[in-house]
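Please read through the structure below; I'll follow up with questions.
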Amino acid sequence: MFHTATKITIIAERLLQDGIISIVEAAGAKGYTIVDGSGKGEHFVRPAERAAVVSAFSIIRIEVIVNDAEQARDIARDIAGRFFKQYSGIVYLSEIEVLRPERF
Amino acid sequence: MFHTATKITIIAERLLQDGIISIVEAAGAKGYTIVDGSGKGEHFVRPAERAAVVSAFSIIRIEVIVNDAEQARDIARDIAGRFFKQYSGIVYLSEIEVLRPERF
Amino acid sequence: MFHTATKITIIAERLLQDGIISIVEAAGAKGYTIVDGSGKGEHFVRPAERAAVVSAFSIIRIEVIVNDAEQARDIARDIAGRFFKQYSGIVYLSEIEVLRPERF
């Protein structure tokens, strides 16, 4: 039996990892996955750098799955509000199907 | 011309990689992508460890795309049934659009 | 407030990275994320190798988010047309929800 769930993906500078994970865990999410990457672009540039040349830099990509879409939106809003006004980064939501909702 | 397809994402401990890939290939999937990462949480803890402190550990994230949603669900059920009762890990499905269905 | 956007995911051999990023930037996308991985399968095999044993090899996974679904399809078509007739690789689209459409 498959059930609809919501995946939160956060792409951020590495220095934000612990702060983002704290929010994710405090919100009651039961797990997360982190992958290393690199990124470039306006949404990865701090305000002070906006006029300068955008250079590639190291990022992390965090995935979190929760059963409830509203809980996912709350977590996304919280992370964006807490970090992505001063720091570069993005958060987005995807609808997925999972097998065992009790794991999320 | 874009066509609807289904993406299967499997997040598992590295020791399961060969077993998971065997199921994916036996099911007739034409390709897969593997990315390394780390993970933490209830769905990554073996039953014997559930009472202990959850520590972060190395995982793999495997993506497989198939044209048929029912084939995707069969593969997901097979992987979960074979591995994710004893080992930690998750599998989820996403609807995507692809350009050349004959490649999947 | 969440808004619908489209994520383009490109999985390709590493040698295509600069060419793909050029198309993404020329199309007006404001950012991208790159993760390293490995891949195997028919859609990663060059035509000349199709009869041979398929071996795993290094790939990159690029994600790009744009607000407009038709812009996403144009970028995907352009990348597939330019690279994925001669080289192996795939491109697919996913519908997502984002918080600040002006960042994409």
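Labels A, B and C are assigned to the chains in the order they are written; within every chain, residues are numbered from 1.
Heads up, the rule we're going with is that a contact is a pair of C-beta atoms (placed from the backbone, for glycine too) under 8 Å apart; a residue touches a chain by one contact, two chains touch by 3 or more.
Owing to the predicted nature of the structure, the values given are computational and were not obtained by experimental measurement.
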item	value
Chain contact graph, described as a line, ring, star, complete graph or other shape	complete
Cα superposition angle of chain B on its copy chain C, in degrees to the nearest 5	120
Interface numbering overlap (same over half, different under half) for chain A and chain C	different
Between chain A and chain C, centroid-to-centroid distance (C-alpha), Å	20
Residue numbers of chain B (touch at least two other chains)	35-36, 94-95
Interfacial residue positions of chain C with respect to chain A in the complex	2, 5, 7, 21, 29-36, 63, 65, 94-100, 103-104
Chain C residues touching chain B - in the complex, by the definition given at the top	9, 11, 35-44, 59, 61, 73, 76-77, 80, 84, 90-95
